[in-house]
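What follows is a group of structures, each given as structure tokens.
Both complexes below contain chain A, partnered by chain B and then by chain C.
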Partner chain A sequence: MIHHIVRKEFADMIRDGRFRWSAILVGSLLLVSLAHGWVQARKASQEHAAAQATTREHWETQGEKNPHSAAHYGVYAFKPRLALSFVDEGVDPFTGTSVWLEAHRQNDFLLRPAQDATAAQRIGALTAAQVLQHLVPLLIILLTFGAFASERERGTLRQLLATGVGWRELALGKALGASGALALLLVPAAVAGAAALVVANPGPTASPLARGAVLAGAYLAYFVVFLALSLAVSARARSSRTALVFLLAVWVVNGLVAPRVAVDLSKRVYPTPSAFEFARTVEREMADGVEDIAPPDRDESTERLLAEYGVERVEDLPINAVGVYLQESEEFGNRIFDRNYGALWDAFRRQGILQETLAAAAPSIAVRTLSMGLAGTDVEQHRHFAEAAETYRRDLMRQMNGDMTENSLTGDFSYAAGAELWESVPPLEYEAPPLGWVLGNRILSLAVLGAWLAGAVLLASAQVRRAEVA
Partner chain B sequence: MTARTVLKNEWRLLMADRPLQIALGLFLVLLGYALTNGVVWLRFQERTVEATTSGNVERASALQQELEAIEAGGQPSSPFADPRSPRVLGGPSGSHTAVLAPGPLAALAIGQGDLLPYYYDVNIYTNEASFQQNGEVENPLNLMVGRFDLAFAVVYLLPLLVLALSFNVLSEEREQGTLALTLSQPVSARSVVTVKLAFRALVVAGIVLGVSLLGALATGGFGSPGRLLLWSVTVVAYSLFWFALAAWVNALGRSSAWNATVLVGAWLVLVVVLPAAINAAAGLLHPQPSRVEMVTAQREASNDAVNRRSELLARYLEDHPEMAEGVVADEPGLGALSWAATDAVNGRLEEVAAEHDARRAEQTALVRRYRFLSPALLAQEALLDAAGTGDARFAHFQSQVRAFAEQWRDFFVPAILADEQMNASVLPNVPRFGVADEGSTDVARRATVPLGVLGGLLALVSAAAGVGLGRVRGAD
Partner chain C sequence: MTDSHESNTGPKPLLEARGLTKDYGDTRALDSLDLAIAPGEVYCLLGPNGAGKTTTINLFLGFVAPSAGQALVSGLDVSTHDRESKRRLAYIPEQVMLYRNLSGIENLEYFAALGGQGSLGRERLVEILVEAGLDGDAAGRRVSTYSKGMRQKVGIAIAIAKEADALLLDEPTSGLDPTASSEFSALVERLRNRGVAVLMATHDLFRAKDTGTRVGIMHYGRLVTELSTAEVGHADLERIYLEHVSDNGGPR
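== the complex of A and B ==
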């Protein structure tokens, strides 16, 4: 029996002009956005790889100089675009693309693409993720708001039930029929996406296919939530019009209102300092130290070295005391940076968690968070790269100061190292976090989306059971 | 039956319609939330502006005290940061923060204010790369999602309220069978619909403008009546556009359900899909030049400049004067030599930036053409411009900071080149930044285009609605 229902629903849908046109619109937007995203990601990826190679070349060919001058010269790190970022660019336009790794300071990521764009470009980016998060649910609503309500209005529901078909079967059949129609546009997009990943990987990532599979699963769960909600509302609503109005209201709150309301709320609960305040705090703490973090004392450091080497005068030290002091300054600065940047990242994380919690009121927030996480374009993975770059900077500084300490004497400003030292520094090689790390960060969103899924399916079965025939 | 009777009946209907009252109440609550978000953000910016201003004063007075102490025979606090040196006095430790105070209506639209920088530390080393700094510290997630401010509520949610109020303005009468009765009186369908919609427009505009004016009142926005007027005109024109669209659809004589579907579809296309599609098309057809190559160019320029100065020691001392232990602190010409290199790098950076900016301006101009397709984009542009949080005001500020940096260099560089020392007497003459904010006329001139097009769209849709309603007969 059920396959008759499925076939009938499916046939109805693809015969319906409204569905055909909206499906063609959404399907082509999806394919265009995938293609657009892929082209962009590959272009950015190539640019960054080229720039990374150039900065390495500059580093290696900087000529003979004091290692500390080389440390000031530094290198740049360019944030790689991960493979799946073509599906969801996430926060990438709003984080910087490059950071200068130099002596004495942790710099901010600069060159945010959005800063070069216009205000109009901020109110809607057409990415595959946007289409999947907003337009596909709308299509689901349009497909199913009348599933029961229209049949009831036309009086066909009574006839249908008179044939002996159960409510359960009917609901399942309608859900499967709509899924079949949706599959006509989603499956090709998924295949195209997977093909793009396999055939011409646009960028590096750990286990791109596994990430892609989980991503597809998250979206599938999200669509089932909408399908079940829509059927539940259709089963209960007095008229198909009421069902549509109610579902559209849910859609507006879910996709438009709730995410922004959550942003402002999270900012009020967990405020962040102004850039001015942040910079001044770092400057002040770098000058005077803070709490138990005191700036290194140069005389004390020298005294300790004299005692350690058992000599009387600085000139008699077999090493360069300045190099030791410079490294101590680095270590001190690192603690100040960790303290300030750590607090900032933590505030961002708490804001994010609050927003994830509010997904209890709007599943779009949960699926958005999962989507960015799996695409590698969320704040946490930006932080992951930023910390990798900072660790690289610290290692680089340690190596430069170490070379200066070992190979020159205090007060000797003529010592110059060469290409051999520069080349001995390994290039920055970033490894994206594995899938487990990403999912570990996103347990809350997984749970909330799971709860939505279970809740929506239970609600649908309860509402269908209690639905009235006429 | 007069317009007054219709209005009176409309009022009674509104009073009796519980769901509509709930919808209006909810909208009012959302507007209130949006406004408080704007006010919180405005206060945050004001505190920052205050901190930069007092920072400027503190730095100047600390330098003055030190210079006076030195003149009285004291020693500089650090021999390597002697404020008598123009490279120190005009350098990072003596820098002046140029700041753009939030616009008079900033509480109404956060706009680009959370993304674009509104303050820069200016000193002799300020160059094109300095303008690549980030704006306010902000969670990138929040930047991506966007804020819930009044401008958002107007552009996205106001049309939905308008449509909820008007999708069945005529079709309901037909469905209830009262249309024939109404039109049997000496009135036309056109005037009935006009009066009914005028009443609803008054309610909607009243709510939105009421909240906006309240916000302006609370944050001193009445200081700029021109901007307030522009804001109000945009809100009214935008909501009238949606009312006119509803009237047109009603004139087609279909069912209320059909009207609702078509109107929601129109909202979806004009407000959600079209802006996104326009952005995607713009990105595909006119890709933005990448800034990444600027980093490389800057690097190459400074390598080149540094290579021209071969003295290893001088370079080392420049990086670390405190390490010199007084060896060659006063080596003649060091300042001039170093400035020559800085200047060479700045020149190259300006070339690269100019090239980049030209490409970017070209791209932006092309992208901006497409906004005529969407009334939502037009309204957003005019609203942000009115609030002073659009792209134009920030660009204006940046060009002023650029000019100020030039002024700053002109003041200090001659002394650097001549290897002269400065004293406390020059302090009153050090340039101070004062922003010359754009006038209401500049804003109005810029807003003519989007408002004109929005007005044109409104006239077009109204005309179509008028013609359509003229054909409506009671007995069809």
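== the complex of A and C ==
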């Protein structure tokens, strides 16, 4: 019997001009945003690859110079775009995707499109993730708010129920019928997305298709939440207008109000310094040290080396004491960076956890977090790359200072290393975290989305059971 | 469980009310209705607005639960055999409402399938619609182009397709022109001849006398009198009706 309901609902829906036009609109936006995202991601990947090659070439051909000068010359590291980043650009436009790795400094990331964008561009930049998180739920509401309420108003509900069909069969049939109509819109988009994944340069990530499958599952669960909520409200509302107004209010809270409140609340509970304050704090601590992290003392360092090598004068040392001191300065700086960036990342992590918890009030927060995580554009994966880049920087500095220490003497400012040293430094080979790592970080969002799914289905079931004929 | 009671005087009633009562808060909408409608009988419930006619139909449809008593369809208590009893019923409301984006055939196919008839096939569906009085050419058109009379005919077609034991009609000819009303009565007559028990709530005394085999007059939730239509003329029916529904007793 259910297949008759499904078939009728599907036919009724696709013959409805309102559905056709809204589906064409949302479908077009989805496909255009996917295509635009893919082109942008591909372009960015190509630009990053070209820039990475150029920076490597510059590094290797920088000519003969003192290794510490080479350390100041530095290199650029570019955060690779993962295959799914065309679906959701996440925090990348705000955090930046490249960083200059140089001596003594852990620099901020550069290339932040959001920084250069006008307000209109920020609002107008529609991504596939935004279409999926906001417009598809709106379409679901518009399709289903009248599922029961309109039938009740028209009087068809009495006739339907007089046939002997049960409420539950009716609800399931309506849900599947609406799903079928939505599939007309979403399946082509999913196929286009999968094709884009296959032909895209997948980037340094494990199993992009597995990430894509989980992402599709998360969005599917999110859509079912809206479908179930819409049916629940429609079953109980006294009129279709009441159902529509209520559901639109839910949509506004879910998509616009709750995410904003969650971000503001998390910043209030776990405050983070402004970029200016942060930079000033790091600068001050680098100059003066802090608590048990004192800046290295050059005289002490020299005295220690003289004792270690059993000589009286620095000129008699078989190594370059300046190189040792420079590395000690690096180590000191690293501890200051670890202390400050560690606290900053921890604050971001706590903010993230609070936001994920607040997804209990709005499933959009959960699906947004999962979407960014699976696309490789969330804060955690930005941190993952930033830490990999910083580790690379530290190794690079250690190698440069080590070469200077080992191959020159104190006061010998004429020492210059060449291409052999520069080429011995391996390029940054970044391996993005595997799917398990991503899901492990997003366990709370998965749980909350799962709870929303179960809750919405149970609510729909209960409301349909208690629904009235007239 | 079968709840029918044996009758020594005739066939088992297909629609039966036993002490059927419905209260909405302090208001008694239906008061101890006893009624038995046999196969091939058309029972017309007459009465002013609020007399309890639609409440009676809603109780037979299981849309509201009785406060006391039983409504039985083919011997099955509606309260305990919701789906089985509905399978044996067809229902035509005052205004048959259909799905505007579907054709007459598709509407009939849908309601028939939900009523347990499975897929009848296009040819059979058109046959039923034509039998119900709908023009064959109109059957394939979207219902959004139909008049009220055409929609009522689709409603009748739904009832025919269901092959139900009993038919519930709630003001079915309200708003129809005389020709359409007359066609409607003829269709009810054909169903009656097939042994269907019909319960029709109506304000239309002429149609009740013309179509019904028995008439029950309701007032303030009570069945105040029953008549055989064969024994009264139109004028008598009107007189008796007015005698019983003059406001000589308020709701209890």
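Keep this in mind: the second predicted complex is superposed on the first by the 465 of 470 C-alpha atoms of A that agree within 3 Å, B and C clash if a C-alpha of one lies under 4 Å from a C-alpha of the other, contacts with A are read in each partner's own complex, and residues count from 1 in each chain.
In this text, a residue touches a chain if its C-beta (ideal position, glycine included) is under 8 Å from a C-beta of that chain, and two chains touch if they have at least 3 such contacts.
The structure displayed is predicted, hence computed values, not measured ones.
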* Asked: Which holds for A:4: it touches chain B only (first), chain C only (second), both, or neither?
  -> second
* To do: Go through the superposed model and pick first if A:76 touches only chain B, second if only chain C, both, or neither.
  => first
* To do: Examine A:12 and indicate which partner it touches, taking first as chain B and second as chain C; both and neither are also allowed.
  => second
* Asked: Is A:162 touching the first partner chain B, the second partner chain C, both, or neither of them?
  -> second
* To do: Considering only touches as defined above, state whether A:389 meets chain B (first), chain C (second), both or neither.
  => neither
* **Winner by number of chain A residues touched, once chain B and chain C are compared** => B
* Asked: Just chain B (first), just chain C (second), both, or neither: which does A:97 touch?
  -> first
* Residue ranges of chain B touching chain A (in the complex, touch as defined) -> 30, 33, 37, 40, 44, 47-48, 51-52, 55, 97, 111-112, 115-117, 119, 132-148, 152, 155-157, 160, 256-257, 260-261, 264, 268, 272-273, 275-280, 282-284, 287-288, 290-296, 299-300, 303, 307, 312-313, 315-317, 319-320, 323-325, 327, 360, 364, 367-368, 371, 376-377, 380-381, 384, 390-391
* Residues of chain A touching chain B in their complex? -> 25, 29, 32-33, 36, 39-40, 43-44, 47-48, 51, 54-55, 58, 62-63, 65-66, 68-69, 72, 76, 78, 90-91, 93-98, 108-126, 130, 134-135, 138, 240-241, 244-245, 248, 252, 256-257, 259-264, 266-268, 272-278, 280, 322, 344, 347-348, 351-352, 355, 378-379, 382, 411, 413-414, 416
* Which positions of chain C touch chain A when the two form their complex? -> 58, 61, 63, 82-84, 86-87, 89-91, 93, 95-99, 101-102, 106, 110-111, 113-116, 155, 158, 162, 168
* Asked: Hey, which residues of chain A end up touching chain C in the complex?
  -> 1, 4-5, 8, 11-12, 15-16, 154-156, 158-166, 469-470
